[in-house]
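Down below are the structures I want you to see.
Two complexes come next, and they have one chain in common, chain A, joined by chain B in the first and chain C in the second.
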Partner chain A sequence: MILHVGAFHLDVDSQKTSVWRNLAPQTRILCVVLLVFAIALTPNGRWLSWIAYTIGVALLVLLSRVTLLTLLKRIAVELGFVSTVLLGTLFRQGGTVLWHWGWLSITTTGLMVLGSVVWKALLSLLILNTLVMTTPIPHLLQALITLKTPPLLVAILASMYRYISVLVDEAGAMQRAAASRNLLANPRWQRLVVGNTIGALFIRTLDRGERVHQAMLSRGFTGIVPLTEKPKYSRSDRLVLVLTCLLVLLGQGIYLL
Partner chain B sequence: MHHNPIFIHQLHHTYADGTQALRSIHLSVPAGERVALVGANGSGKSTLLLHLNGILLPQQGEVVVAEWSVSPNTLKQVRDFVGLVFQNPDDQIFMPTVWEDVTFGPMNQGLRGEALHYRAQRAMAAVSLDPKLYATRNAQNLSGGEKKRVAIAGVLAMQPQVLALDEPTAQLDPRCRRQLIHLLQNLPLTQVIATHDLDLALELCSRTVVLNRGEIVYDGATEGVMGNPAFLETHALESPLSYSRPYCQIEHAPVRSLISL
Partner chain C sequence: MITGQMLDTILFYGSHLDIPTHLAMHIPDGFLSLPVSLVTWVIAISLIAFSLNRVNAGYQERTVPLMGVCAAFIFAAQMINFPIPGGTSGHLLGGTLAGVLLGPWAGSLVMAVVFIVQAVLFQDGGLTVLGANIVNMGLIGTFMGYYLYRTLRYSLGGDTWRAMSVSTVIAAWTSVFVASVVCALQLALSGTVPLPVALTAMAGWHVLIAIGEAFITLIAVGYIWRTRPDLLFDPPQRVLFSKDSE
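Right after this comes the complex of A and B.
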């Protein structure tokens, strides 16, 4: 989420309708969590399980009718960060050596582990992003409460979300102010200004956060997110949950047969 | 309605950096009155309003709202009684959609379901925002005038008995300003309006309180101070435009008594 501060419209697609979007938000969260756990807990090298999950994830992405281009852009950014961390796994010992240079060597195990982990990360990111793009954050927070997440935790998440949007607002305003006075003159000067901007941004966000908080207090806020009516589970919610469970079991079961 | 909703006695406030923002303020507002709180920038208007709502607690002296003396134990009652509209709607509107923002206050009061719906609809109607058109709009993308109205609706939805507004016309264009004046004129509430727009004060409020550097330097009829340019000058205020404009016919002048001087 934090990586997309520059373009802070997380739920770009939440206004469209589709099968996925007619589900209650808590069903969507449950499905996504189930799938992510199943994917993450599958031991490395079980390609058949992943084929099953990939089909499931692909179905989900299609059903949700997200804008594919936006989805891919976000995944690309996030995968960029993740892969720098993952690169280390490539040089793991074990299996036959395929290629080596000095003390660096690439082995079959290394390749296998890297492939598995990247695939896991890719699938998880795909469904998580689909969830965030199709469900407005307040709905997600509400769903978390319905799912019996501790209210304090949800309150913290909620204020984080608001604080980020304050930050983005202020950053946008300062960016415009700088651009309107022709900031783009020369790169060295620009770097200097950006440094100052970040400092000022911090102070301004704190001030503004303080004022927003005062305004909330003046309308009787006591620290707990007020909830509207809970969305009800319907038949399609149950059906989708059962299907997800079946898929998860199938993926794990392939190797037991 | 309480007969004397606001009573302030010997109120002082000093900010953490040593700025003396308020000095021995004494003020009493009877029910149903509209009071203009005028003063130059930095004269302490906002600080005073923050006290009415218990955002700032009295360091010295006392603020009594209806029968409650403002203190940590009475905050809930005080905030239900006094609605505060902040100067910048962007600081006040923070929920994603207009509807969610308008219902925020009443939900904190414990309202749900049908009653909540009714309250929010009434409040939006009071500021002439059509719930059908605006309820699902993203609050960040509204125009300045619309945001202001959403902010006021969010406060009205709590059904306060006193409405405190901080520079309500500051970012509005003339037409929105006119609509807002009309709106405030028709709200049957006790109102405290902080402003440096003296034309607004003249139009809306029969009583004016002038603040200068945290002290009350005038408290009385609005006409009494508007017709005194020298006094306004010493307190860093400008005479209202409606006084500097030439009038073709004497009966068009806003205040007769002044002309006959």
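Right after this comes the complex of A and C.
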């Protein structure tokens, strides 16, 4: 597809068919956003809610038939942030002390916060990755417009998406050029070179943006990026949305009963 | 063409080995509580709405191509690694750089767009905490960074390289440091990390990381100042006069 030339290939699984992929992209976005907000914003320690959501997320991952290995690899990379909470756990007061050594202590509250936060982050990462791996980015952007995101913002996002890999490549080429001239040999020089590279990259970026914009105008660009046909909205979309809402309410409702 | 896997590799070697930098502004989902998320989302949405209007009024039909390419520039610049004092390596956050080059409105719009793409497409930072991430680096990093730079630059004389360099360094360092303190406060308010630990981990590390940020921002801005000063948001007067005489 022309649209994907020179772009990221994130939607590794978008060509397969499954129940999940037959839904309109805006339904998928709504479901994922609802679930992520419900999961991530549930206060720490509400395990029953997360049991309900975990079942929902597991169903969604199974229904979408994503490549599980790729999914897990991506998530492993994205969990680096957990170390701060881990550190926080060691110093947290409150609850029963299970273990302590000098200033450090592990308490029940600390473990509760650690478990909650890690689980919330993991579930959110799972569904967000599933969405991106199963939906082509032009469809995501189209769906954002259907969901009443300001078209100007979506157009900027689309334009950025086209440029990312071009500029990442260009930055990589400039780095290789510097390395091949032995300019990255010592740290002091390296910082100078990196700073200059970024400055030069900005000048090239603006020039390139201007040039491409002129070329687009000469080909009849009027300020709006033409979009492909609209995805159909069917009865199953409504059904899935209602089920997601019910699941979200159920997860919160457990603690109200 | 970059595949998702290649990108993962770039992201892995580019930013995950240096966890401290990564701790910086990309909070994942589940780390902030409902009230903190809500308040920061409201601030972030109003910031995006205001800056969209301001930028569109200024650039008109050039808004989309120019903002898109500049957002991709910040994204690419954030991927370049450099050694920071203290032994590890870091990468640019780019808030103040965006402010100095593009001005407060376009700069914060570009930073917000970068964060949206990183959160939605690359899961680098969560969806529910996107508001907080935009407030930390878009509002504090870029908006505050720009006005600090501008105030300092014009109180130090304006169009000399000395005024320009001193104000850029101070603004870049302060914006990263303040953003990390605000980030620590958000984590502590949410009950995720106790305040002293959050402050030590975030602010402590960012004292160093901000030095790297300031240094790289200074060199990048210096390069543009020497070669194409007309591209700066506040170009020096000499450039304006020479343009008029052409």
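For the reader, a short list of remarks on this structure follows.
Rule of thumb we're sticking to: the second predicted complex is superposed on the first by the 185 of 257 C-alpha atoms of A that agree within 3 Å, B and C clash if a C-alpha of one lies under 4 Å from a C-alpha of the other, contacts with A are read in each partner's own complex, and residues count from 1 in each chain.
The definition used in the following text is that contacts are C-beta pairs under 8 Å (C-beta built on N, C-alpha and C of every residue); 3 or more make two chains touch, one makes a residue touch a chain.
This is a predicted model, so every value here is computed, not measured.
Of the two partner chains placed by superposition, only chain C is touched by A:Leu128; chain B is not. Contacts of A:Leu30 after superposition: neither chain B nor chain C is touched.
In the superposition on chain A, A:Arg162 contacts both chain B and chain C. By the document's definition of touching, of the two partners only chain C reaches A:Val117; chain B does not.
By the document's definition of touching, of the two partners only chain B reaches A:Gly220; chain C does not.
Looking at the superposition, the partner that touches the larger set of chain A residues, chain B or chain C, turns out to be C. In the superposition on chain A, A:Leu141 makes contact with neither chain B nor chain C.
Within the superposed three-chain model, A:Val248 lies out of touch with both chain B and chain C [touch as defined at top]. Of the two partner chains placed by the overlay, chain B and chain C both lie in contact with A:Arg208.
In the superposition on chain A, the residues of chain A touched by chain B in one structure and by chain C in the other are 137, 162, 169, 208, 212, 216. Within the complex, the chain B residues that touch chain A are 50, 53, 55, 76, 79-80, 83-84, 86, 88, 90-92, 94-96, 100, 103-105, 107-109, 112-113, 140, 154-155, 158.
Against chain B, in their complex, chain A makes its touches with residues 136-138, 162, 169, 208, 211-212, 214-222, 226-229. Contact residues on chain A toward chain C in their complex (touch as defined above): 5-10, 12, 33, 36-37, 39-41, 43-44, 70, 73-74, 77-81, 83-85, 87-88, 91-93, 113, 116-121, 123-125, 128-129, 132, 137, 140, 150, 152-153, 155-171, 175, 187, 190-192, 194-203, 205-206, 208-209, 212-213, 216, 223, 225.
Chain C meets chain A in the complex at residues 1-5, 7-8, 10-12, 16, 19, 22-23, 26-34, 37, 48-49, 52, 56, 61-73, 75-77, 79-83, 92, 97, 101, 109, 113-114, 116-117, 120-124, 126-129, 187, 191-194, 196-198, 201-202, 212, 215-224, 227-228, 231.
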